[in-house]
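Naming follows writing order (A, B, C and D), and every chain is counted from residue 1.
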Amino acid sequence: MVRKVCVVVTARPSYSRIKTALREIDNHPELELQLVLAASTLLNTYGEVSKVIEADGFKVSYRAHTIVSGQNLNSMAKTCGLGTIEMTSAFENLKPDCVVTVADRYETMSTALAAAYMNIPLVHIQGGEVTGSIDEKVRHAITKLADIHLVSNELARQRVIKMGEHENRVFDLGCPSIDIAHSILGNTDLDFDPIQKYGGVGAKLDLSNGYLVVMQHPVTTEYESAREQVTETLLAVEKTNLPVLWFWPNVDAGSDGTSNGIRSFREKQNASNFHFIKNAHPEDFLKLLYNSKGLVGNSSVAIRECSFLGVPAVNIGSRQEGRQRGKNVIDVKSNVDAIYDGISKMLSMNEREGEFVYGDGQSGKRIADLLAKVELTFEKKLAY
Amino acid sequence: MVRKVCVVVTARPSYSRIKTALREIDNHPELELQLVLAASTLLNTYGEVSKVIEADGFKVSYRAHTIVSGQNLNSMAKTCGLGTIEMTSAFENLKPDCVVTVADRYETMSTALAAAYMNIPLVHIQGGEVTGSIDEKVRHAITKLADIHLVSNELARQRVIKMGEHENRVFDLGCPSIDIAHSILGNTDLDFDPIQKYGGVGAKLDLSNGYLVVMQHPVTTEYESAREQVTETLLAVEKTNLPVLWFWPNVDAGSDGTSNGIRSFREKQNASNFHFIKNAHPEDFLKLLYNSKGLVGNSSVAIRECSFLGVPAVNIGSRQEGRQRGKNVIDVKSNVDAIYDGISKMLSMNEREGEFVYGDGQSGKRIADLLAKVELTFEKKLAY
Amino acid sequence: MVRKVCVVVTARPSYSRIKTALREIDNHPELELQLVLAASTLLNTYGEVSKVIEADGFKVSYRAHTIVSGQNLNSMAKTCGLGTIEMTSAFENLKPDCVVTVADRYETMSTALAAAYMNIPLVHIQGGEVTGSIDEKVRHAITKLADIHLVSNELARQRVIKMGEHENRVFDLGCPSIDIAHSILGNTDLDFDPIQKYGGVGAKLDLSNGYLVVMQHPVTTEYESAREQVTETLLAVEKTNLPVLWFWPNVDAGSDGTSNGIRSFREKQNASNFHFIKNAHPEDFLKLLYNSKGLVGNSSVAIRECSFLGVPAVNIGSRQEGRQRGKNVIDVKSNVDAIYDGISKMLSMNEREGEFVYGDGQSGKRIADLLAKVELTFEKKLAY
Amino acid sequence: MVRKVCVVVTARPSYSRIKTALREIDNHPELELQLVLAASTLLNTYGEVSKVIEADGFKVSYRAHTIVSGQNLNSMAKTCGLGTIEMTSAFENLKPDCVVTVADRYETMSTALAAAYMNIPLVHIQGGEVTGSIDEKVRHAITKLADIHLVSNELARQRVIKMGEHENRVFDLGCPSIDIAHSILGNTDLDFDPIQKYGGVGAKLDLSNGYLVVMQHPVTTEYESAREQVTETLLAVEKTNLPVLWFWPNVDAGSDGTSNGIRSFREKQNASNFHFIKNAHPEDFLKLLYNSKGLVGNSSVAIRECSFLGVPAVNIGSRQEGRQRGKNVIDVKSNVDAIYDGISKMLSMNEREGEFVYGDGQSGKRIADLLAKVELTFEKKLAY
């Protein structure tokens, strides 16, 4: 009998982190993929990822708008509540054999809760990592709700087991995000013009002599300073005089502060070296990174994909604190000078060498294979 | 400055487990109590605990109906979602300095999530215990969302720390439920007629020659068999020919099965030894236990209050599996013969001796004192 | 192109009132039926109508638990809110060409709102009638949200037009509930034992010498007196010494009062003439009515189906105030004496003659035919 | 006994339309104002009206985030559902004697439903008007839920009565928005610099030689063309070479299209004559209008306040279709040429003469006085 595997995707970065697994599940003879899209995947403001996903050939089984406006802490909580209601109806109608939730964004809790309460075996991808912000609480809480843990490296596996999960339910299969990075190694040429292909606003840049990529998310527990933080980055990056491709942040408490900071900067500064894009295909995004002089910001891409690809990165502030990282990452504080110094240091790094910190690029297939044969249970007890 | 301590109570047993702490918080000069009532506390079907609470002299700061009907797994999930939305509005309007959530019922997750997402320091009471059912997942997930852990005994404290919480945020203060048990030791006489005082349905019993108390909740992950399970208990108890005071179960997936089982039993059997009550004051309930021949069912009262009071108890099935217990508890499987044998064994127990498994009866005061002076934080990281 | 017609059914009586139309839509070559079940159709407490519907051969396209517990006014409002959220997701995933909502129960507003806001043409069945209670407000508000009005008689049609709807969007097609009544005229024999077939609680009755059928709903705007009201009916009916088949009420504010009244009566009185049933197939229910001495209560069945079938009925209190009725209806106040007198009068009625007050029994087919060809629009303006 | 009057404000324009009534209710010795803020009043994106309201000296009794993101039709429906849930909790905790809802925005339905279902007398302000868009359905549906109707002119009063409301529950008290217009007649000087006072983005304009004010909302039932529509207006207004003060639209399905249209225009065009503002005090906004060469767009301000003040206005498209208007309004289609011609005509209008189409400027006081003495009921029946 074919197992119905329901994967809930709620945001652009989650899609990148699960895409190859989706493909392998979809192609697996013993699995049926039920793809649920919710939260910011359906919002135009954040690049309507649902269209990208459909263009990639996935059939969407269920859609649900779940984001409560406000872009502050209250609205995150309400979004989680509304999402839980919606996911319950989704699962009631789809009747999956197991549910897969990805990583630690605040709204992934909805998926975890609905599945746990409904006695549907819950598979959590990317548990056991340590970071700052509300994600930290959410990630470990989902671990305690999940029945099967597919983690990205051995350190994460050890942590999940230490938290009281049973060893035989925790599997180090690597992170599917690395699979995409692995796939572009065959052709790393920048064979498209990002500005033409993805539009966005700002200057038309000449990328041929090198450029920076920036991706900065608000740090939710400090959301009031989101605007200040992004301004520090904007000023530091501007100072380099390099062309800058800037990707807009996700829906998060504070993204309003971040967006306002960017808009305000664009009003007041010349900003003739900046172009702002909402979204790009994961592969294209990675090629942009590969051909850049490096990534600046606080995205986990710096320590995952960039580490594998050997792309240097300046990681700002507390958001990725605690996550395992490779030699490509330069950690800096969130102020103009520190960021600028970090970028200078990054530009002077000569060697690029990829590392296997979050897997070797075969994660998606391993996940599908495991989901086809692993025992699906929904009862568990603390291991100690 | 006075700290606003918001305590959310969602069910009858949670009220018993927090009542003395509520009183101490309310009376503490440096604390202001904000009492929020939600879920089954507001439902008439389950004895409208809100009236009991107000009669006890507490002022209610906020009320919210949060239960989605169904009494099945889907409705538990939706109730959690709706509760999260409601608690967000409650906290937005009450602006507490910290939020206290009690134990591990499924709907307590709503309180935990709303507080965690809103960056309000979250205090969790009764973490670190181990049981069966969905409560197990919920309890540990709340631990991962909570900032301060007030546990009931040293074993629980060790478990919470093992899960990655920082030692200096985990406090063994005992369980406030024991405080009430402690308070009745001054006067243990059965100085009221429970049937006259609390109504209910069934036979008018003569309690003067001894009686049994029964309290059986559905085990949520096995809800379809709830009806069968309660029937086993009903038949075993009937066989004893002792008068039986039976307390209706909480709102839970399966309570419908339990209730139906009881109703069906009443239709078909003579049941002339049974009286069914919805609810009683915690003190009265404990006096009823103290003067009984013992408790039968799967309530945690058996291993908490009864252990302290030395009241023998037959604990049926998996619901309390893993929880620390005293010598007063006889664990049995959920079938007529095993339950009947357990009761026989219980009736032959001669000595009654109280133990301090869940505290010594001073927990409420310790909790209030700690809440007045503990550092309130909302950022944390896994300890390893 | 086949039109997708989404019909939302939320309660047992609504199903009866739309069943023949569902069948005709399902069978119509130019229509595709999308059947959505919500609210009390999914609750076991109210006889889980969803199982009846599936047994009748209908495929359910979407299910959603939407009832917020409380059975009081607040929970009705929240149920409407939750239902609106759920119906939005249902319609987003089903993408119907038009949505059909039936009658005036409080939760039908959710269907109407979701459709209206989503620019989906809304078809309202049974507008233009006048009654007491919150239904009155809801019914006319839905008329103002609906695009196409399928009413049950000419008087209703005139009222809808008077309210400002355009004459060419209001169609008197009769009420589908009458179709079922019409269909049993071919065989009106009581060819089953209702107690054996539908279970329930209470005495095993001998129906061969005549019996009463009772169906009494709480009147929502007077919910506190629901218990008193049902007690009046219970006592009056008991006084007749006739066997009584009593059908439990719907989920409504006050149904708790009604249920409590019934339970309390059963505890205190002998009640040896009463049998209580949750639910029956519409056809069986009508046969039970046809062979009874008459219907007692406040159900609209008294003035719809009973009028067509010529079954006499005692209609109690304000719930059906304002609705057109035939000669079969005896209106009485809600007190023991008035009800008893009404029943006596009813028992002395000799002739039974059916009338066409709510249609001639061909409504379902007319509705399907109209839905296949009517212009589907979602913009309208007050006609004056 | 003082009557608790709960007024729910959900958007900037609703605040303007009720502000003087709020003041009079607040000051009335027999009334207690309970001010509830919800929906876009709490969102920074739309100018966080809540801060304006508090700065005006009103105490906020309850806040609730209710907007579900999406800015499309689905999210409007879900917002209505979430708002109904939230308003139920608000009213349960505030226990008002009556609830006041203003006008016809989609989210006002939540207020109306919660009050109607909870048997709280509902007062509707500004019923009986006729327009295009979903507002039309919502307005009349609220009329059918409301118990007391406070309309703005005699024509509206006649319509409400025709719809079946009882004559003695419909009161023509004028529109409070006119009160503010009336109040600025004492000092109409533009005694502030709007760009300095309210910030915003775009050119620093010299307003001393005349300017246009633009306010254009998306027309919800045509939301896909919102972007096109606003572009027509942008191009037409640009062609005049006059300085333009442009006010951002409300939260509505399509506001995303409108906002995108504006942003895209700003990227591509010089736009050196445009300044964009999110929000202004109602009085300041009216002074800006009074001193302008006229209003362009589709706001109801054109036909309400502008009519009273004699300010000429070009009203674009279908949004205000059906509303009574004065001689100051020039209706045009939504295309560059028609809008440009309309503006030319407007600029050539020499005389300005105020008219009393929506009241004489004493509405707030009349409303407070009526709320203090009117009989508060919640049961009603169609008048025919």
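A few notes on this one:
Definition applied: contacts are C-beta pairs under 8 Å (C-beta built on N, C-alpha and C of every residue); 3 or more make two chains touch, one makes a residue touch a chain.
None of these values were measured; they are calculated from a predicted model.
Ranking B-D and A-D by contacting C-beta pairs places A-D first.
Residues touching across the chain A and chain B pair largely coincide in numbering: over half of the numbers involved belong to both copies.
For chain D, the chain whose average C-alpha position is most distant is B. With centres taken as mean Cα positions, chain D sits 41 Å from chain A. Remark: chain B and chain D have CA centroids separated by 50 Å (rounded to whole angstrom). Multi-chain contact residues of chain B, defined as those touching 2 or more other chains: 65, 74, 78, 82, 85-86, 88, 92. Considering their complex, residues 73-74, 76-78, 80-88, 92, 106, 109-110, 113-114, 116-119, 130, 132, 134, 136-138, 140-145, 159, 162-164, 221, 321-322, 378-382, 384 of chain D touch chain C.
Residues 62-65, 82, 85-86, 88-90, 92-93 of chain D are the ones that touch chain B when the two sit in their complex.
Considering their complex, residues 42-45, 65-71, 74-75, 78, 82, 201, 251, 256, 263, 267 of chain B touch chain C.
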